[in-house]
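Look at the two complexes coming up: chain A is in both, with chain B in one and chain C in the other.
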Partner chain A sequence: MKPRVAFFDFTGCEGCQLDALNLEPDELLGLLGAVDIVNFREVRTDRSDEYDIAFIEGSITRESEIARLKEIRERAAVLVALGACACTGGINCMKNAYETEELLKGVYGDCAAYYDTIPTRPADAVVKVDAYIRGCPPTTTEFVKVVKSLLLGKKADLPNYPVCTECRRAGNICVFQRGGTCIGPVTRAGCDALCVSAGRFCWGCRGLVDDPNLDSEKDILARYGLTIDQILEHFRIYNSCTEATQCQK
Partner chain B sequence: MPENSVLIVDADPGARETAVWLKGSGFRVASAATGEEALNLIDNQDFSVMLLDLRLPGKHGLGVLREARVKRPWMQTIVTTDHPSVESATEALRQGAVDYLVKPVSPQDMATLLKDTIKSAARQRPAAIQIKAKAAPTKLVPQASFVISRDSLKRMVDTLAGEREAIGVVARQGKYVYDRVEGFEDVTLDYDVTVNPPTAFLIPTCETILKYRMGHSPEITPITDTTPRVLIGVHPDDINAINLLDEVFMTNNPDPNYTARRENTLIIGVDVITPQPASFAPSMGAHTAETGYDLLLTDIGNAGYMVTVGSETGAETLARLAQVREPTPAETARQKQLRDEALSKYRLFLDMPRDKIPNLLETNYDNPYWLARSEACLNCGSCIMVCPTCFCFDVQDDVSLNMVDGERIRKPDGCMLVDFSRVAAGANFRGDKLSRFRHRMYHKGKYILDRYGKYGCVGCGRCSITCLAEIASPLEAYNAIAASEKTRDKARRTVTNTRPQPELYLPHLATIEKVTPLSPREKLFEFRLNDGNKLGHRPGQFVEVYVFGIGESPISLTSSPTRDHTFEVAVRNVGNVTGALHRLEPGATVGIRGPFGNGFPLEEMEGKDILFIAGGIGIFPLRSLIQYVLDRRDAYGHINLLFGARSPAERVFADDMQEWSQAPDVTFLETVDRSDDSWTGNVGVITTLIPKVQFDPRNTVAIVVGPPIMYRFVINELKKRDLADDNIIVSLERKMKCGVGKCGNCQINNVYVCQEGPVFPMTRLRTLREAI
Partner chain C sequence: MSEIKIKVNQLTRVEGHGNIHLEATDGKLDRVLWEVTESPRFFEWMLKNRHYDDVSTISSRICGICSIAHTTASLQATEAAFNIKLSEQSWLLRKLLYDAELLESHVLHVLFLVAPDFLKADSVIPLVATHGDVVVMAVRMKKLAYNLAEILAGRKTHPITPVVGGWAKLPDIEALKAIRERLDKAVDDAETMVAVVKSLAPGIPAFDRPTEYIALKDNREYAFITGKIASTDGGTVNLNDYAKVTNEFCVPQSSSKYARHKRDSYMVGALSRFNLNADQLLPKAKKAARELGLKAPVTNPFMISVAQTVETMHALEDAINIIDKLLARGIHEEEVKVKPRAGRGVGIVEAPRGMLIHDYTYDDSGHIVSANCIIPTGQNHLSIQKDFDTLAPTILDKPEEEIRHTLEMLVRSYDPCISCSVH
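== the complex of A and B ==
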């Protein structure tokens, strides 16, 4: 019997699910041949609570989401965090830099009391996560790679080195050499330096590498003219939930 | 060869009539109505000029032109047509036509044009013929230089770009990069340095080395890239880097993938006019190149370029596609002057002759500089990714979603990345910034030199340009270290076979005969090669076991070659490959590469007493040697066998141990670190067993295999018993990925554990820091 796969969305834009559907036609057909998709709001209405692999998309921002995630964890043999929000909290984490009360009032004014919200956290702050597919959104190649690894019963061979490695492999001219700044030197690779290759800079959407040299990165950003606030702003876009960044507040 | 001989190729009889007119003007003329007819004539007869119409029955004019250029490189071709187009004109010139005429052309004009063409061809001809004459007897043309005009160079490059994948230097965002080019117009020849090295096209960022199809009898197909390529505008420092890569990949286990790519790559070098300020190529002796290019250009101004021939292929290319002449003495002087001027523009220098670097490093291993500078390292890998001499790689397995087809790919990897030396159970032999940073500097200045006879740095400056932490420059590091000098050990460098072995990365198929559980985490696998051959290993060697779709893992051989036609490996389940292997059952097929490594020194051990010391799964590789020694019992003296396990539950091979303890003239002692109710034997770490055995230190060889932590303590204990380093032999673990001394993952300093190890005498390790 083919593994049954379910997708679940929490707080986020749901772009990661769309991106999973954005596979090349033969890859998509290959995927549909290898697994049974039993729960996927973006593509089908019928649902099943019987599944082996659960993909979790979005971050956890409400008490009710904690309970729902725990229930999914109970049912799934393998739980995969899909995308930046599920893996690291994503841009939703930016709100963690503010007091919750103040934030609710700022956004919803008089209606603030109707909204249930808690500081944002990634899936693994609530339950055990078996695999991560990082990025905002993840690349389809990495999505396929992780799925294949799960089907083969192996740990996916994903990079634990900074984006710079892939950026140099891609033959890109360094953002710093072009007069910009970038947090690629501490951000986990795996995207083939997509944003820099397209002429932008690295936003850090895949989270930090295991042992980031944040001191050195901050020195470099400062040497290239950024103030401490600007540096933190840079880091906070995607990495407000990480301990390493929080302690700098 | 007949002078003034003309071949007219035209389907139109009227056009062929031109022959009559031309004969009157002193030409010898032949004509052909079809391309095939023309090519037949060219086969048997030489012509000065061919007048070629594009519209022919059968083969198109451009096709005739292409083939004619190969058959008679010297023949000048003028294309004529009454259906002119920009496309056909460009293509004709790209294919090497000297002119493109729109009909009609008056016979008088035609005669004048032909005379001029023949005259200019004759002027250029002698020099070019000379190249051919020189090329024939020896493999390399000795540095002959000629002058090539810009136009002729353009035509040559454009033609090459039509025939091959062309890679050249192009300007981008104020910097320069190597990229695909369509022709000469795209290429920059005056640049300081490129962001990416040209070697990225010899060791690509992602390369398939084999494809497979799983199933009952898996099929494996080796993949090599033989695309003809030309690299245009390579600086001498990068040419020197390519020379190093040739040494690494084309001697000692020649690499089929690199060799195929290299042999199909034409290299057109160019002298540096304006060096990059970060470059220190002259200090590394790399600002000029003697070999490694096919052609080397020097821009000498209005006259065009000086072109130096570096290879037979270079000579042939020039003869086929270019018009060159002998340089005048003034032009030769100009070339030298330009080179001297370029040399005077370099700003960074080593403070010592470069042959002092290895000694400097030898005596400064503990210099505080390494720690201080490495603090800022981001582990970002930029320095090694832009380096033209870095060649280490990683190999990964990629299976299709059909779970049947797959491929093995390799991509650049290297010592500055955190996981490069991490082994299966999580130990990392270069786990801190200091050791990675220092390793790279030693690699560039010493280890590669020791191993390949060439420095691992050509002074291009790319690493220091790209390093945001500003710590990557080897020049700065070497200059910063003040040092006394000592004589260094010259590492033995032996070059054996030099033909690539296509099967180097191809596993042999093997079937699992038997699986025996040893412990909850460990199993013993018995394999038989599907081709019926014996593995032919020595005790102490290892094989790469490949589970299709998962990957490869180095595993020590556990059985003696004296025992059976099959071979055994014992495997602890710690990672992807070992986990997948544990899920397989008898009858399943795996891939086996090897045996690799040097094995135990069986001959040197003969006649001596032997002290075996095995900690934990160190017994796995040692079992092959114990079996071997017991099977050839008369060749060896008394045997002491000490075995330590963490707990009684982790003891393995109990039946074997029973057998060993009862063998003649064997003392067998066993201990566990932590006891339980079932255990009545010794308790304590393995070092506590050593005082309990008797041996004569002058005639005993100790073989020690166990976890890294064990070595230091056991060796200290053996030294207390007066055992000399010569008589202590260990087997080391490292991340062995390719098994053939190429990928670099397993290296300790300049030693590749997969080739020179995993078995080492302690005498060797004394000079090998980072080993234990």
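== the complex of A and C ==
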């Protein structure tokens, strides 16, 4: 029997799901031939509670989502966090800097009571996650790589070194040399330094490398005469949920 | 006593989470509700204190389908606040990128999400076996739009290169030439799309509920990222005064705000644009409209996909024209100059699903003091509800499955972008 695959969306923009299917036509048809997509609310109506691999998109921002995620975990043999929101909490964590009350009142005023929210957390703060496909959104190359290894029952071999390595390989001039700041030195690679190559800098959407040398980021800052606040302003966009941000506050 | 109870939890083949709820007794409607259950993300608060250079990066994450629209509205709001005028080259590139999004989003909606409704399929997946050619054509068109965006913006979802005042990196001329050829060929695909939609059209439910149609209007062109706010009920409104049109309010059954202007509801999106601006469509798109029998004013919401099909052709033609202009004038490095200043700026664009508004107030260091975003689907929720109110009583004699399907089709035809509407 073909592995049964399900996609579930939590709090996010659904860009990961949509992008995941932006494969080349033959890749897409190949994938559709290799698995049974039994649950994909965004593109298909029929649903099933029987699945082997569950892809989780989005972060957890409501009590009800905790229960739903636990239920999915129980049914799935393999649970994959798809994209920054699911892997690290993503940009949704920026809201954690505010009290829930302030957020609700601020955005919804008198009707705040209609809305429901809790501080944002990534999927693995709620359940065990078996694999991560990082990025906001993930690249299709990495999506395909992880899916292929899952189908073979293996762990995908993903980089655990910083974006700088890929950035230099791509022949980019370092953003720091151009007078900007960049989160690349502490961010997990795998995107081929996509944003720097496109003329910008790394925002850190793939989360920290396992053993981030935050001191080296500090050294760079000192070398280029930048303050820690300048880097944290960027760091907090994607990494507000990580401890590193909390302890440097 | 005969009872009908319909509860659709998490409607499928739409972006985001919404429910349909209908109850009727003895052929009389007790209630019919369109409920939005998406989680709020609080973007307006997350944008506070953010530096202008990061603002469009953050706000594009409001939506994965129309992130180019969000980026564009966001950049235009910041540019308006800082009083920045784009160069002609930057402007042409921005419009070209916009065409890419429109193309991708419309093809996705019409051929992947809506078409299965007419073919009694649950998704596009079984159509691979029964309508393989059309599916392959649709995948090809989507991929083309994706690649066009990639050449310009580094990627389609959450573009990288567009920045306040211009572009962080310019596209490669050779890449533009190559994609120009693919766009040319895609005109045939768009013609096939017109034929496919025409063949499905007899399945479009006969239903009319005239309402107010609102879209941008510009006397120079079929407006997507220019112009003023216009209504089929007459008059135009300046961008800065959008709140006079949107008048947002909340309802308990929805985690998205609602909007209302002159009547009990208004509609934004492809049909509104068509109703207001059909005369300005490019020639092939006009021909497609004739072919499909689309003539303004159209008051059947199920026709939104038909208007999107016409716009698909328009976006293709527009993209080809822009690339020709760029190739003729050449692409030159330009310095992006930004000088922040305190003040407010409003950016409004026509996202694939309708009028999208970003409104920012900056301090003099270029950090956001306050932000407001109004999303097309937020403006359409009430129109969906009012359509429900009018449509549901007329179909209660049908089998329950058909009632459910018709209501689902109605919501889907709006191409709702629900997580975007909640943001």
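The rule we apply is simple: the second predicted complex is superposed on the first by the 238 of 249 C-alpha atoms of A that agree within 3 Å, B and C clash if a C-alpha of one lies under 4 Å from a C-alpha of the other, contacts with A are read in each partner's own complex, and residues count from 1 in each chain.
The rule we apply is simple: a residue touches a chain if its C-beta (ideal position, glycine included) is under 8 Å from a C-beta of that chain, and two chains touch if they have at least 3 such contacts.
The model shown is predicted, which means the values in this text are computed figures rather than measured ones.
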### Task
Answer with clash or fit: chain B and chain C placed together on chain A by superposition.
fit
### Query
Does chain B (first) or chain C (second) touch A:Ile220, or do both, or does neither?
first
### Task
Pick one for A:Asp49: touches chain B only (first), chain C only (second), both, or neither.
neither
### Message
A:Ile237 in the overlay: touching chain B, chain C, both, or neither? Say first, second, both or neither.
### Response
second
### Task
Classify the contacts of A:Gly15 with the two partner chains as first (chain B alone), second (chain C alone), both, or neither.
second
### Partner, of chain C and chain B, that touches more residues belonging to chain A
C
### Task
For A:Pro137, decide between first (touching chain B), second (touching chain C), both and neither.
second
### Task
Applying the touch criterion given at the start, work out whether A:Pro162 contacts chain B, chain C, both or neither, answering first, second, both or neither.
first
### Query
Of the partners chain B and chain C, which touch A:Lys148 in the superposed model: first, second, both, neither?
first
### Query
Does chain B (first) or chain C (second) touch A:Tyr115, or do both, or does neither?
second
### Message
Students often get this wrong, so check: with C-alpha centres, what angle lies at chain A between chain B and chain C, to the nearest 10 degrees?
### Response
120
### Task
Between chain B and chain C, report the minimum C-alpha distance in the superposition, expressed in whole angstrom.
11
### Summary
chain A residues contacting chain B in one complex and chain C in the other none
### Query
What residues on chain A touch chain C, complex-wise?
9-19, 22, 24-25, 28-29, 32, 37, 40-47, 61-62, 65, 90-92, 94-95, 98, 102-103, 106-108, 110-111, 114-117, 136-137, 194-195, 197-200, 203, 233-234, 237
### Query
If you look only at chain B, which of its residues touch chain A in the complex?
172-175, 177-179, 195-196, 200, 205, 375-382, 385-386, 396, 398-403, 411-412, 417-419, 433, 465-466, 468-469, 549-551, 575-576, 579-580, 583
### Message
Quick check on the complex: what are the chain A residues that touch chain B?
### Response
27, 30-31, 33-34, 144-145, 147-148, 151-155, 157, 160-165, 167-174, 176-178, 184-186, 209-211, 213, 216-217, 219-220
### List of chain C residues in touch with chain A within their complex
10, 12-17, 39-42, 44-46, 51, 54, 57-58, 61-65, 67, 108, 112-113, 116, 122-125, 128, 136, 139-140, 142-143, 146, 153-158, 160-161, 163, 167-169, 250-252, 254-255, 257, 419-420
